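Here it is: the structure, laid out below.
Naming follows writing order (A, B, C and D), and every chain is counted from residue 1.
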Amino acid sequence: MESHAKFRLSRVGITGVKKPVTVRRNGRAVTLNVTLDLFVDLPAHQRGSHLSRNAEAINELVEQAVHNPAESLEGLAARLGRDLLVRHPYAQVAEVEAGADYFLERTNASGSRSLEPLKLLARAEALRRDAGEPEVRKMVGVKVVGMSACPCAMETARDLLAKEHRDPAIHKLLEKIPTITHNQRNTTTLLVEVSEGHAIEADDLIALVESSLSAPIIGLLKRGDEGALVVAAHKNPKFVEDVVRDILQKLLERYGDLPDDAHITVRSESEESIHRHNAVAERETTMGELRVPYPGT
Amino acid sequence: MESHAKFRLSRVGITGVKKPVTVRRNGRAVTLNVTLDLFVDLPAHQRGSHLSRNAEAINELVEQAVHNPAESLEGLAARLGRDLLVRHPYAQVAEVEAGADYFLERTNASGSRSLEPLKLLARAEALRRDAGEPEVRKMVGVKVVGMSACPCAMETARDLLAKEHRDPAIHKLLEKIPTITHNQRNTTTLLVEVSEGHAIEADDLIALVESSLSAPIIGLLKRGDEGALVVAAHKNPKFVEDVVRDILQKLLERYGDLPDDAHITVRSESEESIHRHNAVAERETTMGELRVPYPGT
Amino acid sequence: MESHAKFRLSRVGITGVKKPVTVRRNGRAVTLNVTLDLFVDLPAHQRGSHLSRNAEAINELVEQAVHNPAESLEGLAARLGRDLLVRHPYAQVAEVEAGADYFLERTNASGSRSLEPLKLLARAEALRRDAGEPEVRKMVGVKVVGMSACPCAMETARDLLAKEHRDPAIHKLLEKIPTITHNQRNTTTLLVEVSEGHAIEADDLIALVESSLSAPIIGLLKRGDEGALVVAAHKNPKFVEDVVRDILQKLLERYGDLPDDAHITVRSESEESIHRHNAVAERETTMGELRVPYPGT
Amino acid sequence: MESHAKFRLSRVGITGVKKPVTVRRNGRAVTLNVTLDLFVDLPAHQRGSHLSRNAEAINELVEQAVHNPAESLEGLAARLGRDLLVRHPYAQVAEVEAGADYFLERTNASGSRSLEPLKLLARAEALRRDAGEPEVRKMVGVKVVGMSACPCAMETARDLLAKEHRDPAIHKLLEKIPTITHNQRNTTTLLVEVSEGHAIEADDLIALVESSLSAPIIGLLKRGDEGALVVAAHKNPKFVEDVVRDILQKLLERYGDLPDDAHITVRSESEESIHRHNAVAERETTMGELRVPYPGT
């Protein structure tokens, strides 16, 4: 039992811990149902990581947050990362991933309001340094469900309809109105690294992503609203590639003050209505890389 | 340990058993990766059901099927149901549910072929009788992913487009071409009870369901094919309610010889592209009920 | 488009709607993240159910609950069921299912406290009557994750260990201490119908289920706590059959005032550590059936 | 529509494509139900990746494999990677991930045989080079479900039992027999890079992983078999950390001819029976790193 092989391990930890954590959002204390994964590395000479310390770290943080809400989900992840390095003195790195359901009030075309469910995401990595405080890197993120409409099938459908109808008036009409295409639920994830001084509001990231889709989804839709949403999406057809690139462009414009080494991850996935498979586009990069003008980017 | 409460239990069994089973399909022996759930009831006076007998029953059936393929997935479920009543002499009822991935060759508009993944389903219920063989009821079923396009949003989008273009000629023209609407993946499940003499080919049920959707999905789509599929779906917009009812109508037409007490279950679910939630329609009924003319149905 | 088949549909509705709803729990207003499914039936003569009315019903309820919290999750489901019959005048039945994450504070052996995640469940069915208010049936429920240890493998392991060690002292010891066996996560679901006058506190149902498992799970476990939990579970080995029956027995003892027609559903599922499949036991019954003394039950 | 931002994309592709593919396994042609993800990168100047070419590539491969089975799942992934670079001339990298259900015959203690379900995994990455054939890296992998028993809770449980029975003789006796502890399903994933000349048989990787767990799981278990499996697991208690390290050690011993740059990924996850969360250990490394003697590793 004592003779197990001696190798360093990259990550040892616990996954899927659910806790209610009070976080400050837009000036209000909000309780989020957070799901957490926590890891530290393990040196070759130590047999087991003290996993119960991870659970203790979470429990203390939950208690603290009742009286002293975390400033954000990523702030909470960073607190936990620092705490793990204290509790696991043998570890060089601590990693924390957090996700939470979140509701945002939206108003639709006809003026009715609805609380829309979204996902907040956060990550933190704490690196022990020879002296002083550990280096902590943290990311704030969102997962947004919206609508994408395919620009390519729109063109081929228009060609087919034009061939079918010999009437020149129909040909003209087809140029004027948005043509039919396949459209579907799209799930887009954005994660942005924020340095200690900076703060990025998750609500702003949600708005940035929603404005990059063919159309955002709003839950309460009256008969007229549905038509308006369909028209809007078809006037703005987008590939998953377009969604990712437009998000990258908006990040450059709105968060120009982020440092060159700030990590960025964008992923857009469409549950294609004409396929059984999904379409996906991704970019993992840094603000610095994005700033290099095309074709370098 | 011996003092547990004495109540009859409705179902005791095992779920999620995966096995490769050889089944005869269209004259060929095909090996299906089947996932099985098996249950029997338990009388009040017996503490535990002998669950290992369920696993044994499956294992023997898998071995038999290598040399003597089951005639169908529902035939295999029925075999297992009968076998469970023999192995559990205290049980009055045995229930078996089976699901399997299945691939069907399809040819699309441009002539290219593709193996499309579908789900086969089967259920069997064996009831012990005072004398003689048990009564066995079995169902054959399919789960089909296709495309649905919403007729309601199509109308409101057409109204909006007509309003936007004040030209009255546009109104008329919009009637001539399929208008934009939301469309999405739809998953429809159909289960039909078959009596011992009868046989229903799962491929026919798949065709029946696919012809009741706005359009079937075919995996390999060249540029032109995609447009053709989009046009086809928009010329045939359907609510989930329409999908279920059209399936019921076709069942009446094609399986008119099924007895009045044959159970029928139909469920259609659309992953609405303009909503975060799904739309669902269901009917659980019998052939006899379906035969009663409207408004009785 | 108008020629779709005319059949009654059993259920038409929306599934997977997520909303934050304020509910009164133990005297405090608690915000639950609720996931809702809502259905009504549809007569043969009507083509489509007005699904947007379901979304409207939920939205209004969420707004009302901010100022006037629902008394319980099942009370909220019942409110929605009544409301659906008003909004869908053609419907005879409305069905609502609700689930929510919920956290309960627990103290473990060493005195440390932890917020444990659980699932609250609720169902309501509203039936239109010829005159007056609809009949509403509602169920309150919980889904609890705990630990089960197998009594059968414990016996066979004890026999094997006894054979292995010829020392009579070991034989004696094996009778005195809990023997090794397989143990695993068990998920048990309990739903109880409550009539209008009655109220059943979900926390009591959670306690009832947890006390029927081999041992409850508590998140924060110090080194000693883990051993204590393991010892407790092995002193109380249980089949899934035992878990279901002990819950039924406790329901009879604690909720003796429930009427004979109150529905009861219990399901216990163990993710068996020595199998790839799960073991399941279920009973669907009424309080009346449970009251009939053995062997009638 | 034409003005989308111009950035390079890391990955554009399709996910979740299911196909039956014939692969040679141990000298026999076996049909696997494979699920595939396929990606290429996309340069900044091109708006969309031609995703239908990915589906075409898969379809042609499926047809070819009927007559000319792939030598392995990773061989198939490599073929697809090469093919994608041909079909997407603008791409520099192609990535393919594949997973498949697979059944292996096992014999248990009492001599009965059972087909056990496992998962085969494969990855390939094709990199375009300035001249000649692309560089292709491929990985073969397996996902194995087995049993883990906790060594730490075993010790604390033994201490508790010893305290409970004040008899000093009991202390000594407790050392002689395996003590109770929590045990559970463990899922362990292993991926090993293989170069063109080499071949690693997935069955060998499965055996390597199963021998590193507390005990493997065999489906058909007679009453005695269950006890034997429980005893075996408790004589071999293991942390997830131990599982990963023992696999690394065995890789060094059995695949000593793998080159220093061969990538290795090991991940072990236990669905802890005394916790609601899982315990995880991971190592991502190369054969070269593993060869450096401790403490460097």
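Keep this in mind: contacts are C-beta pairs under 8 Å (C-beta built on N, C-alpha and C of every residue); 3 or more make two chains touch, one makes a residue touch a chain.
As the structure is a computational prediction, the values presented were derived from the model and not from experiment.
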item: Contacts common to chain C and chain D (chain labels); value: A, B
item: Mean-CA-position distance for chain B and chain A (Å); value: 35
item: Approximate Å spacing (C-alpha centroids) for the pair chain B, chain C; value: 27
item: Geometric centre distance via CA averages, chain D-chain B, whole Å; value: 32
item: For chain D, residues that touch 2 or more chains besides their own; value: 17-18, 55, 117, 152, 219, 221, 223, 226, 275-277
item: Overall pattern in which the protein chains touch one another (line/ring/star/complete/other); value: complete
item: Residue ranges of chain B in contact with chain C within the complex; value: 1, 4-18, 39, 42-45, 47-49, 51, 55, 151-152, 237-242, 244-246, 248-249, 269, 275-285, 290, 294-295, 297
item: Interfacial residue positions of chain D with respect to chain B in the complex; value: 17-20, 31, 33, 52, 55-56, 59, 62, 101, 103, 112-115, 117, 219-223, 226
item: Residues of chain B defined as touching chain A within the complex; value: 116-117, 145, 147, 150, 152-153, 155-161, 165, 169-170, 173-174, 176-185, 215, 217, 219, 221, 223-224, 226-231, 233-234, 271-277
